[in-house]
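Same chain, two partners: chain A is paired with chain B first, then with chain C.
== the complex of A and B ==
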């Protein structure tokens, strides 16, 4: 039964659901892009307020949700990222011809889906939140509906996501066949060691394939560059951060509860996926001329690093992957913020060449850009470095030496392309950047400044954030 | 109740799933791809119902209803996108989806 007390723990989700309805009604009464944007940000802030004021306990809210410290941390992270993305959206959609208001309903719904996914404790709640997230994303990717590239990207994502979902569903069905349980705590009580038969392994395999698609791990990454390059920059930021983070956390819960990682074959499958993601992500990024595609490959390799923390199978592993998620969210949001910042009348500047000579015309922005790139590459004093450092420590603690070597080698390869972007910006030539939307949006500048400070702060003094993770 | 082993049902749903997957991979018409995805969803639903029946729980059937509902939602958005693609490009063939590449 649901008690009033238990409802208090899912207040953030309830607020988001109500917020979506309120925003919809507001649009019906009066269309105003700025007002809708403010209402959306307010919704997220109220949800965040309820989240912060929750008692720090692990609570089951019915069978479907389980609110614990990981769930709380992820919810907070998602809500903060959603606020940043909403801030990006206002100036970005200002110079588009579309109706701008419905975008925010979809954004709130997608956020609601990913927040629910982070705390879901049951196959049913997971599937529902996954659908809430992906169906909103189809519409968000194809939001600029008069451009055929945008529709093409949305359709590609639709087919890919639907196939991935059906893989996950079939995998769940097979796991359910063997165990007879659908809630994760019930699955924990099922001793996996003795009853590991073929059906169970097939279920694991299909679940891994499905999650591989959702988190864009190699060899299931092929959709990523296309979608990133065609989706509007704020939406691409959403896909790269929030939807992947939520899927990762559920994967973590599922496999830590099921105990599947103790199986040699499952562990090796994950290790192979992580290794190939790290190498292929960094390798394919090397020849990219398109900045958004480059970020796509970068995010593939970053998810590979994240899997190393997942594969450590320890409390330290969870903690380090949560910290890594934080660092990754900050860096990716910042880089998409930059792309939003520089997009102008002609659309986004997505070629790396477009940024040639930026350092000599806009030194401050170029400096921020450089720091973001260094953070993605994992240079000391930035968030990315400490993220990798904690992942390495966690891996070292449980003796996963092979994965650590792969991580170190592949991130060295990746360093080249991040630094190439910096080199292009530093080259002494006339900058071709004309009018851009960032110059007259105070909120966008503020968001960029906050993210910049966060990246440096995470890299220099992480202990306060580690306390926040509190696992 | 018949005495068929659970494996028989699982093989059937597995075959359905493969049929759908093959359809998604080989078809060039996006409407057919959407239909094939639908077959994959229903295969998973069938497996859930089988498993629920085996354990004597209603959960499997509940899951099937959820799967049907979300498949409908997905198709609704999918058809809208296909309609828009047809309007812009005058075709629903996936070979026309070649504008995004390196």
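== the complex of A and C ==
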């Protein structure tokens, strides 16, 4: 039964849905990029306001949604990231020929899809939110339709997303065959130990493949570099953070409820995926000349680290992965912010070489850039380190030593390419960076400054954030 | 609070120097110099006040300590504490910090502000390592040393500096991560035993793991410390990093950063894992002795002056390994003396190489020769530090190496003999420095060569005074650190009663004797 009181718990989602319609109508009345942008940000802020004022309780809203502290945390994280991405979008699309306003409708819808995914409690609501997210993303990736790479990337993502969804659907169907349940609480009551038959395992396998595609874990990662490098920087930031985070949270709910991880074969499959993601992500990044592809490989390895927290199978594991998501979101958003900052009339500066000598022409920006890189690499005093630290603690707590050593070794391999970017910036040559949009956009500068402070804050004194996760 | 002040002065003046340098470069240098001087004065005042307290026969105590909440969710505290060992090491840090700022006064021209920022933060990291009593705080400071050092090597280094910087960063990073895993292992073990999760050193000392668990956790710590020290077989980053850094970087990395590893061995490995550490004592001493000989051989074969000094440092670090794993009070005294004395002498040698490079633009020994005629003063100083490096009695290094070898003799006479051979081979390369640079027939035009100016005199002169002073009156250092070593000793004596008596005998000697001879007698009495 839906009560009015229960609806209060999904107010953020309702606000987003209304916001999308309002923005659409606003465009029909008057086309103005700045106005639309502000309206979008306002939508997110109102949604955030409702989220913060919710009572801290775990509540079922119909059979479809379950609002708990993980869900609330993720919703907040997604909304904040969406605000940052919206801020990036305004200066970024200023120079583009396309109509700019419809972009924001798609952005709100994609955010709505991810937020719903994070609180989904049922296969049906999950699939619907997944599709809402994917369909909006096809359009967002191909938004610069005058560029052929953009269309190519959109098509690639379309095919990949469709394949992933069909795998997930098939997997869900098989799980349903065995258990007869589609909501997660129902699945919890189903005792997994006794009935773990072949069909159930096949269902797990299919689901894992589907989620592997969504979260770009190896060996399902092949689409990531192409799409990151071809999509507009703010959209790439969206794919790298929000869509992956939402998928991860549902995966977490699904397997922690089903108890599939206690099954040794399932655990080993996940561990193999995590190990190969960490190694391959860090390995393939080594020779990249293209900064966006490098970030793609970096994000593959980061999702691998995240899986270590997932595989710890403990409360600490959940908390640590949530904290890691926060640190990862901050760092990835900041690095895409940098790329947005330096894009100009001729497009984005995506070659690492383009940043040669940045330290000497723009020392402060380069210092921020360096800190972001160090955060991605996981050096202390940055968010990335404490995230990694928490994951290591969780893994150590349940004795997953092998994964921890893989994490340590592979992240050292990854250091090579993060340091290479820093070294290029440090090299003593005249910087060739010309006009860039960042210098004229106050909001973009502000967003970068906030992310920078956040990265340091998370790395030095994270107590308040840890309490926020409080699961 | 004084401990926090020490760190804040360094970090704050680092940022200030970076900002000020964009307006006025020499003001930035003065800021850095004054900050370090202030810290040195602060530490010296603690030292002077404390010496009185120690001679009154206090039992083991902490000179100063501060503890605040940091991340209570993880059981991390911001806990700094200073005992005798930390006091000596922080004083050394600030003294050599001043020296390294003075040395780079003229030679660093590009981006002075950022350079000073890095140097000061690097020194802050090192100071923090010497003071941190929370394992995670220790790890944080341990890693803070890394990034500024990387910048110093890459930006202001010589030709192959980028390669050297990478190698340095990767070696220390992976070994640091192994230490992090070990710290976490200790944390989880402690939590599972007592129910309270804490990274605090003193809490962790309360419930130590045993058996194979302790062994593996210890290995995590050992890897980090042995890489940073460095010793066989983890030394391959050393020649590149030492030789390619600018001189201030070489001084800090060789004289201070390697000491953080030695400090880690004394502070963490021995007290936290007494049994496991003893079980690997023989191989560890053997590695130390091998490093002494192998390093000396490599040093002798070098053509590049800086690499020669780098390998000599590698060789001397072998003594520290021998000393720590001999598990005798004498050897621990020696290790502390070696940390100070080697820090001073290696810094002086790198400074001399820098002064020569300033004049002739190369480190190639085959392009030098006959410099004594033009630079008699520099030759004199080089003679002093060459002799220090080969262990001439009367200089601090001799006391250190003698104490270590005397301690090692108690443990195993054969191994000690092997390590003693190091004293002989160190003569070869030390004399080779002198002979190649200052004697022989001149290899190039010497018209331009000028002898030391007043700044250079100040730097080398102050180092000479300290190294002779410590050579004549080593008990000044030994005495301050004695309570800290007593505590270590007592920690071991729970399992070995025989040693308690010996340490008492030794303490009696230290209190009675006022010079070198008493220390020597102590060695004989054992």
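Just so it is clear, the second predicted complex is superposed on the first by the 471 of 471 C-alpha atoms of A that agree within 3 Å, B and C clash if a C-alpha of one lies under 4 Å from a C-alpha of the other, contacts with A are read in each partner's own complex, and residues count from 1 in each chain.
As a convention for this text, a contact is a pair of C-beta atoms (placed from the backbone, for glycine too) under 8 Å apart; a residue touches a chain by one contact, two chains touch by 3 or more.
These numbers were taken from a predicted model, which means no experiment stands behind them.
Student: Touching A:283 in the superposition: chain B (first), chain C (second), both, neither?
Tutor: Neither partner.
Student: Chain B or chain C: which reaches more residues on chain A?
Tutor: B
Student: Would you check which partner chain A:166 touches, where first means chain B only, second means chain C only, and both and neither mean what they say?
Tutor: After superposition on chain A, A:166 lies in contact with chain B alone.
Student: Please indicate which partner A:415 is in contact with in the superposed arrangement: first for chain B, second for chain C, both, or neither.
Tutor: The answer is second: A:415 touches chain C but not chain B.
Student: Does the superposition put A:50 against chain B (first), chain C (second), both, or neither?
Tutor: Neither partner.
Student: According to the stated criteria, A:379 is in contact with first (chain B), second (chain C), both, or neither; which is it?
Tutor: second
Student: Once the shared chain is lined up, is A:180 touching chain B (first), chain C (second), both, or neither of them?
Tutor: A:180: touches chain B, not chain C.
Student: Answer with first, second, both or neither: which of chain B and chain C does A:466 touch in the superposed model?
Tutor: The answer is second: A:466 touches chain C but not chain B.
Student: Going by the contact rule set out at the top, does A:139 touch chain B (first), chain C (second), both, or neither?
Tutor: A:139 sits against chain B, while chain C stays out of touch.
Student: Residue numbers of chain B touching chain A in their complex, please.
Tutor: Residues 6, 10, 13, 17, 20-21, 24, 30, 33-34, 37, 40-41, 43-45, 47-48, 50-52, 54-55, 57, 59-60, 62-63, 66-67, 70, 73-74, 77-78, 81-82, 84-85, 88-89, 97, 99-102 of chain B touch chain A in their complex.
Student: Applying the document's contact rule, which stretches of chain C touch chain A when the two form their complex?
Tutor: It is residues 70-74, 110-111, 114, 136, 139-140, 143-144, 146-147, 150-151, 154-155, 162, 165-166, 169-170, 173-174, 177-178, 180-181, 184-185, 187-188 of chain C that touch chain A.
Student: Name, in rising order, each residue of chain A that touches chain B in their complex.
Tutor: 123-124, 127-128, 131, 134-135, 138-139, 142, 145-146, 148-149, 151-156, 158-159, 162-163, 165-166, 169-170, 172-174, 176-177, 180, 182, 199, 225-226, 229-230, 288, 290, 293
Student: Going by the contact rule at the top, pick out the chain A residues touching chain C in the complex.
Tutor: Chain A reaches chain C through residues 360, 363, 374, 379-381, 385, 389-390, 392-393, 396-397, 401, 404-405, 408-409, 411-412, 415-416, 419, 423, 426, 428, 461-463, 466-467.
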